[in-house]
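Some structures to go through are shown next.
Next, two complexes with chain A in common: one pairs it with chain B, the other with chain C.
What follows is the complex of A and B.
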């Protein structure tokens, strides 16, 4: 067998196994939370009007049987696997009668629109600044950049989000405190909507972008310092190669591990920077998952996890392959092994 | 370096493409213009997640569904009367048979008449889908003709009969029957969100739906125009915020007209922003239910009524109202008879005075609580309380995390129990769902909760929910009501008797007195304050709101927009003089008269005389006719001269907002941007 085929087969097997384990966990975990989604649903029903006790019991049974929650656990599990195999993520309990897949796919675009540009920009800027700092090691510029990186990378992105919110939205009132766009507007290709969207977009974007710069910057700086200390760099430097070119050499060599990190992060993008979306009430998958969790909507939690986990697995898989493509050493290693 | 070039191009393109993805989820219908502010009423508090369904037979239906599908009658929880809406009149033809006549004018929004068929269809649909509210156990429907049907009581319980009667709303058989036939039981998941095809009976239709708002638009040729007039706001918007504080900010800015959620500082809002509330002074907010300390009646020593009564004197009521509720609620003696003030005709002062003293309710008096415990055989050792049989008293108090008001309230009680009575109390804050499960399964010691029944309804319903022994479930099994698990067979008898004899005012008062006495004696739960119906309005754009000084409609909240429909008819644009619609009073049938006419309908076999009582709106006339051969019905009614001959236009211009992503458009734009990205990347590289 061709080594690359073997490599691919091994990877596929590994990811399939991981996927199956993930399916089991997404089934078990929501059900392990104390409490019960259907009971909470009933509470709403009981409180809104004078309801007959018979009706409550009737409704309880109807809800349980509709969502198949009255069956034994193993049967529920088989049902669940069967439905997942058919691409059916079920109907949400909280947002009944919306299908989980519809809910996810209507919020997914907003998550991606926030996270992909924020991740990409922070990755790029972080790496460039990190490499630059490494080259100017121990100068004032490096000190300033490095300390900024460290602070930014150590602040959790959602805390940073709170900080931005408190400063720019609550205190200075430059940006809105909440939402994806102004209430009353409906997503449309109008100037009003785009302006409103970008206005709401700024703070969540900055919270991810700035903390991201810190993370990538510290990493890039450390690796680039190592690169600048290597023989080929010293040689190039002594040959009088201009700084810009030296930076480019170093940049390229630190790329491989940074790309791995980046693609894994992109995989998580689907799950959304969950807490960012909650802090800013931004209408993405993260917020959906949060609603699902606090209302114990098994279907919604399962569905969201499957989509998030699958995209992480997929991203990892693509990274594994990209490795072989980008880095000749890795490619050669597999082929010769 | 070609690979690098491609790579950078891809990066640029991916970023641009990801920005473009949401473009696919834009609605492709014509862009919706902004709503004229002075024609629009903005409400908040009824809808929390994205609206998912306008199907009244779904488990989750969006705010306003009850306004789209009107009930036969409205209930006025302040005047305690019934207002016929789609129905025209009610008439007891026997003590267990009520004849209901529908208005001949009533039409669906597509022009089809609303008939008995639609009532029967809704009734059967409810039973088959398990959405009848349990009413099929208590009554049955018999059609008579296209606009008349008879409701028959299966069990002699007029209170349940009333709630069932009020919940009846016709469904458009001509439009829904085929859908039901196709979907069967899965009809509950039919969203009824096709705005173009939606057939409604109310004066509003849905104009647009998004994750942030539901917009209703008035139907200007609504069938009820000649009888009720038209509601004043051209548009009603139900706003969906993800948290209350941002909604409150919008309310302060005058962007919300009616606010049905908890407000932090009502006093400041009133002072600085001129916001209106039901009461001008504290407690500001009207009653919704009775907020109480729930004690598990199955666990000793909480099972001891003497112990529970002692605790009632260890609750720092005033401190709770000041600190936890910021004076947005209050206490009345009626609470200890499980009532709100509008039911005071059933309240017995002498009983309240006998049990609670001149204040007619328990007051914070730790010394008295201690004396009561001592008298009941409890004792203290090293400052700790012991039961008469020598066990230390240990309790667990729990309340959901995040319920700020209730946490403070319960904490104040727990502190008092620890400090004043020497009770060891463990204070816990589980998740709401865990707390709820503990509560309904009887796996708690003490907690706070509401009584689950709105106090606008007859107190009988609250008594049943709190004290009916037949609703007690064993510990570990989910109970619907009587969560504290109070078991007293005497109560069951009284509840059944009085539900049969609602028309006998004196007897009813007597029964209520008995319940009041039993409740005060055994105190299965301890009322603390009224759970508020959050009702606050802004007069920036709309004036004439009902309030305590001018209670022309009761402060029902937007959870049930159908029930608050008259409010939309009686308010006025700022600058215009609000006029309370005359029909609210004219059509109203007081509950008392409605009940009183039951015995008169008794068919008497010995005499040929058939006394017949007609309660017909308008005019609240009770006509007792004693004719032998022929019944002459005398109905006082306004002549309705407007005959609707115009065919109602079937197509309604509506804006359909599509929330699903148009991946085709997104992909297209993505590809375009990909190409742009490659070009940019190439150009950068070339330089």
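What follows is the complex of A and C.
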């Protein structure tokens, strides 16, 4: 078999298995933990039943029919797979009678528009700055960059968001404090909307972009220090190869492990980005999830998990394939010792 | 006994000294603070949103609780969460990594595929998904949940180290002497990874403290006690940043970043001191 085909088959197998594990987990959890979501919701319904008995009855039935607890377990599982395969993630309790999938898919583009550019840009800038710091190791520039990286890498995006919000929105009033666009506007491709959106977009973007630089910078610096200490670098340096070219050599070599890092960190970054949306009330999945968690809307939480986890899996799958294209060792079927 | 040399080498490393001093300072503040400042962090009887003043050195929050009392209590609880979660993750990570490397074959393939699968999951969302199923959550439960979701990368590192160590001569000597793989793992291989284990533990603790802050922030952290994460939740639900209550959110963010950054600095400095390729220069 051609090495590429073998590589692809392995990857497809792995990602399919992971996807199934994920679905099994989401199926088992609410049924395995005592005091589970359905009972919890039921209790809540009883509490509010006095105000609007009919609406509550309806919601309770929607929840019960989704979980189908009266059926045998295997039938529940087949049902569940069938529903997920058809994009049916149930009905939201908080936003009754809206479908969870509709709610999530109308928020998802805004989350992607925030995460993808910010995460990619921080990866690129962090790696460039990290390589540069490694080359200037133990100089004032390196010390300054390195300490900034370490501190930033330990600031969760959402906490950095507090600083930006307080400084640029509350104190200086340059940016808005709330939402994804001005009240009264409807998402559309008009200049007014785009300007308003970018105005609201700046601070959440910077929260993720600036803190992300820290994570990539620390990693890149350590890797590039190894690289600059290797024989070919010392040789190139003694040959008088200009700094810019040395930096390019090192950058190219740390790129491969950092692409793995890019996809492995993604799951973590997604969580952080969702929390950042909450700080700015940015209308993505995180903001939706926040409103779901404070009202204990388990259907919404479970649906968000399935959609986000699947997206992360898909992104990883794509990166793995890109990786095979970039790294000649995989393309030629080289197996590391 | 070369212990003194290790100590002097560590103390000569500026990153280590900075990291450990900041961490110990915060630890001492958290341990002694509540005794020296015995104000109930959940007492809401004070005036609301008061800026720092002599009676309340860090002011009061939106619902009239003393911020300093909150912060002091939060430091110790968060360190406790970090420590517990760190121990849980360390135990699982070392066990999975070691078993995978020593057993090899199908066990290795299976365990590593599982590890990689867990690694791909968005951890914060997994925690949200599980935490939402519990009506009440103790600090220990939250720490346990964080621990069982944060071991995968450690398992990968431990496996790699074990694989490279198990082919060394001293392992063959032990095998010839009749030792079993379990005792070889425990007494020959693990001590060789002591630095790695220490580094990983510091990073796991830092990661767990931040993770607790994250899930508490979205409202699914501990339902009792005061952790730094719960303070962030209160800050969010009361719009403290927009209301300009800087004395509430600023010290809390500074403290949590100081804890996490100091631990990571210790981890980086251990690498510099004990890893010959990074030493000097």
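The working rule: the second predicted complex is superposed on the first by the 258 of 337 C-alpha atoms of A that agree within 3 Å, B and C clash if a C-alpha of one lies under 4 Å from a C-alpha of the other, contacts with A are read in each partner's own complex, and residues count from 1 in each chain.
Note that a contact is a pair of C-beta atoms (placed from the backbone, for glycine too) under 8 Å apart; a residue touches a chain by one contact, two chains touch by 3 or more.
It should be emphasised that the depicted structure is a prediction, and the values quoted were computed from it without experimental measurement.
Student: Looking at the overlay, what does A:5 touch: chain B (first), chain C (second), both, or neither?
Tutor: neither
Student: Determine, under the contact definition given at the top, whether A:117 touches first (chain B), second (chain C), both, or neither.
Tutor: first
Student: Looking at A:102 after the superposition, I want to know if it touches chain B, chain C, both of them or none. Which is it: first, second, both, neither?
Tutor: first
Student: Under the stated touch criterion, which partner chain does A:17 make contact with: chain B (first), chain C (second), both, or neither?
Tutor: second
Student: Just checking: does A:296 make contact with chain B only, chain C only, both, or neither of them? Give me first, second, both or neither.
Tutor: After superposition on chain A, A:296 lies in contact with both partners, chain B and chain C.
Student: Tell me which partner A:238 touches in the superposition: chain B (first), chain C (second), both or neither.
Tutor: Neither partner.
Student: So, A:177: does it touch chain B (first), chain C (second), both, or neither?
Tutor: both
Student: From the superposed pair, tell me which chain A residues show up as contacts to chain B and also as contacts to chain C.
Tutor: Correct list for chain A: 33, 35-37, 40, 177-178, 294, 296.
Student: Which of the residues in chain B end up touching chain A in this complex?
Tutor: Residues in contact with chain A: 11, 14-15, 18-19, 21-27, 31-32, 34-35, 49-50, 52-53, 55, 58-60, 129-135, 137-138, 160, 163-164, 167, 188-191, 208, 210-213, 237, 239-243, 246, 249-250, 289, 430-434, 436-437, 440, 450, 452-454, 457, 461, 471, 478, 480-481, 559-560, 655, 657, 659-661, 666.
Student: Going by the contact rule at the top, pick out the chain C residues touching chain A in the complex.
Tutor: The touching residues are 113-114, 116-117, 119-126, 128-130, 132-135, 153, 206, 210, 213-214, 217-220, 232, 235-237, 241-242, 244, 246, 249-250, 253, 256-257, 260-261, 264-265, 268, 271, 277-278, 281.
Student: Could you list, by residue number, the parts of chain A that touch chain B in their complex?
Tutor: Touching chain B from chain A are residues 33-37, 39-41, 43, 45-63, 66, 91-92, 94-98, 102-103, 105-106, 108-110, 112-113, 116-117, 120-121, 124, 177-179, 181, 183-190, 193, 197, 281, 283, 287, 291, 294-296.
Student: Under the touch definition given earlier, write down the residues of chain A that touch chain C in their complex.
Tutor: Against chain C, the touching part of chain A is residues 14, 17-18, 21-22, 26, 29-30, 33, 35-37, 40, 137-138, 150-151, 153-156, 158-159, 162-163, 165-166, 169-170, 177-178, 218, 222, 225-226, 229, 264, 267-268, 270-272, 274-275, 278-279, 289-290, 293-294, 296, 298, 301-302, 304-305, 308-309, 312-313, 316.
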